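Chain IDs A, B and C follow the sequence of writing; residue 1 opens each chain.
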Amino acid sequence: MGNTPRATRRYSARSPLVGYLLRRLGTSVLLLFGVTIVTFALANLVPGDPIAAALGEGAASNPATVEAYIKERGLDQPLPVQYANYISGLFHGDMGISLRTTQPVADDLAKAVPATVEIALLAIVVSLGVGVALGSLAAYRRGKISDQLVRVFSLIGLSIPTFWMALVSFNFFFLQLRIAPGSGRLSPALAPPPTVTGFYTVDALLAGQWVTFTDALAHLMLPVFVLSLFTIGLLTRFVRTSVLEVLDADYVRAGRAKGLSGPRLLFGYVLRGASLPILTIVGLAFGTLLSGTVLVEAVFAWPGLGSYAYNSATSLDLPGVMGVGLVVGVVYLSINFAVDLLYGVLDPRVRLA
Amino acid sequence: MSDITTPQTADAAAASTTPVLTVAGLTIGIGSRKNLKSIVKGISLALTPGRIQGLAGESGSGKTVTSLAMLGLLPSNAVVGGSIRLGDTELVGMTHRQLNDIRGRRIAMIFQDPSSSLHPQLTVGTQLTDHVKRHLKMSAKQARAHAIELLDRVRVPNPAEALARYPHQFSGGQRQRIAIAIALACDPIVLLADEPTTALDVTVQAGILHLLRDLADERQLAVLLVTHDLGVMSAIADDIAVMRHGEIVESNVRSEIFVNPQHAYTRELLASLPGAAGFEEASE
Amino acid sequence: MRKRWLKIPAAWITPLGVIGAVIAITWVGIAFTARLWVPFDPLSQDLPRLQAPGIDTLMGTDALGRDIFSRLMTGASVTIPLALMLVLMSLVVGTLIGAIAGYFGKWVDELLMRLTDLVMAFPTVILAMVVAAALGPSLFNAVIAAFVVSWPQYARMTRSIVLGLRTQNYVMAGRLMGFSPFKTLRVDIAPNVVGPILVLASLDVGTAILLLSGLSFLGLGAQPPTAEWGSMISAAIQNFDSWWIGLFPGLAILTVVMAFNFVGDSLRDIFDPTSQVSRAGARS
């Protein structure tokens, strides 16, 4: 057939995926630079007086103190120079000192990021599980009552104000029923587990602290539930569409013609075929989760990125705001980069083409 | 539509073997109860071992729907009447669970475009063995050996290596050979081929057709070859039924259809062949 | 496209779309008339504090002795018009930018799309929060912040549609006939953008309401004593035992957003043929 040599050569050629990923990495780094410019510009837009906020009214009325402060922070230099200083600091892991907590922003964020990522990861797993199940059900039962119910359910999920749901469920499950633990990441009686990953559940397991683990997990339940409602709605809608498309594909018909059915067909053929679009939306859903944490953490007193962002923003803490913007940008971009990587894993055409 | 010639009158060889699959008075409608569109209007066919039955007709004539009906793969809003018998088993009205033991095992199918009928994200090996494990209860190792044998038979080079590859790493012709190997993996008695060469380069079409012919002879397969292309028919079909608007207008052995067409529509189809003057020229 | 545009009224009659439209219209009606008929002044503090829902105060009173029902109804006139205005603003600006990027291509496209990338590199609420904080907490600034994060999706969608159309023959023909760029955009391209953008916009009204009330909940939007749903909910954090303070404003948000989502989702069925129940898939 004369085509074999070509097929063989293609197969053994160096994977172009590497080139693709390098390109993506390049754009991500460029975007990150953009992110720093945006956050820097925004931070300097602040019409309030951050120096007064940082020093307190008393100290701010003393011109000498203010001048010393300005000198110390390099605030008298032109903006481009300030920006350059900020960037060069970033390369040494220096994100400045928070005006609010007076701690290095990098240290603050190192504590806050794992708290938020722990919720977000768990929420994405829950949403993906429920979303795939409901979305597949709706697609298989297209046009039937169950499809309609799933549709209404997921649209309601997309309509619930997260912060309100957090409040209502906290009130109901904690204050009324007393079956959920209170706010925060752990009960006050327990000490945080030794830090390895920063995820309390994982760290507790690593340290063999079973009680701490269950307590941390229990504290995760409500925030994860509340956050998941929106992403479940999002994923369900999307999984339904993708599965419907795949159910119509020739290779699924061919699978049926081979006598495959049930879970073997669903997992082996249908969901595998739908995995790429689903993956894309999971990356997007992660962004909405990060957004959601800002609102949910406020209610559950969760010491994560959302709370930190909120506190920094409302107290005009420029280094804090910039740090959050940068870190969230990094987290979001790395998630999308991970999605690209997974694309290669899931699709041999990307990996080997 | 009265001038249907029956196959029995034509060729003694055709009548000598008993059919393995008989379609009698098959009707298919698609749509809601109120708005049912009739696609197939009472057709009859018989597939016998070792023979290739051609089913010709334009797109929309109902030929593909007919082949899907034999596997029970019609959309859920399809209404099927009449009878499709596999040996002594009636397929019309079977549950999907019962059909799953027949699909791929007794009746296999190859589709028009192998680049869409093979799953792009599964290796050739997986697609060649998953139904073998289900139907023939083979171990993974046995199934693999079986798969290599099959790929070798359909003349895919380096079969052992090919198992680990993905469909996009093969040419169109190779892919269709793989699809044929998948269809034959559980040793079916009936093979449905829906436009098996239409999506392929002209240069590789002949190879695929000869492979089908050889396999039909060697394995005593009863083949239903569905195509709009009478050129393809002339190459390998033993018998040809011409379908139009859901009905079979003429059915006969190949030579009779090409040399002595009875129905005006058959003559029309023949006239549209390249070279148009007749069978002799077209088959050169 | 023109034809389908005219067919909308008939297709509107889906249960979900009708329910959504009725609720949405009711809320819009409330938004414009509430001040005329609410039983109490939403800002006056002369009722008993933290009174549970009852005959005279349907939804109870808050910690300052204000009638929650009256605040809730007048709250509609704060959030809903602002959300509609926000969506309109994002739609006009985003669509225009997307059309320009898609139509002119090259460096214009590159520049504008990198700009959308930059905005979309942040999760919406976080960017909106930072912008709102930087501008200073006020309802007007919250709208600006929400606008900053919401226009890029319109730009992206319009751009991709325009890119797809730019090479279509009839668009090319128009250009060859000497249509100016803006005439081409208006005559040949705009009609194709209307449907998808309308769907996006109707779903975006819900998102806008969630975003605006979320910012107010964080204290970055509406300032006291404005009766705004998000800030009413945040007031409930200080009074956990008085469940009615937070419950009703949340239900108000939920029903409005849901109504617009129902409408948007039904519109999508109309404008996006691929999501329609036309091609029934086979299933086992």
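Quick note on the criterion: a contact is a pair of C-beta atoms (placed from the backbone, for glycine too) under 8 Å apart; a residue touches a chain by one contact, two chains touch by 3 or more.
Computed from a predicted model, the values in this text were never measured in an experiment.
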Based on CA centres, what chain would you say lies at the far end from chain C?
B
Between what two chains do the most C-beta pairs come into contact?
A-C
Here the gap between chain A and chain C, centre to centre from mean Cα coordinates and rounded to Å, is 23
How far is the middle of chain B from the middle of chain C, if each middle is the mean of its Cα atoms, in Å?
53
Indicate the residues of chain B shared as contacts by at least two other chains.
73, 96, 99-100
Touching at least two other chains at once: which residues of chain A meet that condition?
253, 256, 261
Shared interface positions of chain C, touching two or more other chains
280-284
For the complex, which residues does chain A have touching chain C?
27, 31-32, 34-35, 38-39, 42-43, 45-48, 140, 142-143, 151-152, 155-156, 158-165, 167-168, 171, 175, 241, 244-245, 247-248, 253, 256, 261, 265, 287-292, 294-295, 298-299, 306, 309-310, 313-314, 316, 321, 324-325, 328-329, 332-333
Note: in the complex, chain B contacts chain A through residues 71, 73, 96-97, 99-105, 108-109, 111-113, 116-122, 130-131, 134-135, 155, 157-158, 165-166, 168-171, 173-174, 179, 182, 204, 207
Quick check on the complex: what are the chain A residues that touch chain B?
1, 3-4, 6-8, 10-11, 249-251, 253-261, 264, 268-269, 272-273, 275, 346-349, 352-353
Touching chain A in the complex: which residues of chain C?
16, 114, 117-118, 121-127, 129-137, 206, 210, 213-214, 217-220, 230, 233-234, 236-237, 240-241, 243, 246-247, 249-250, 253-254, 257-258, 261-262, 265, 274-275, 277, 279-284
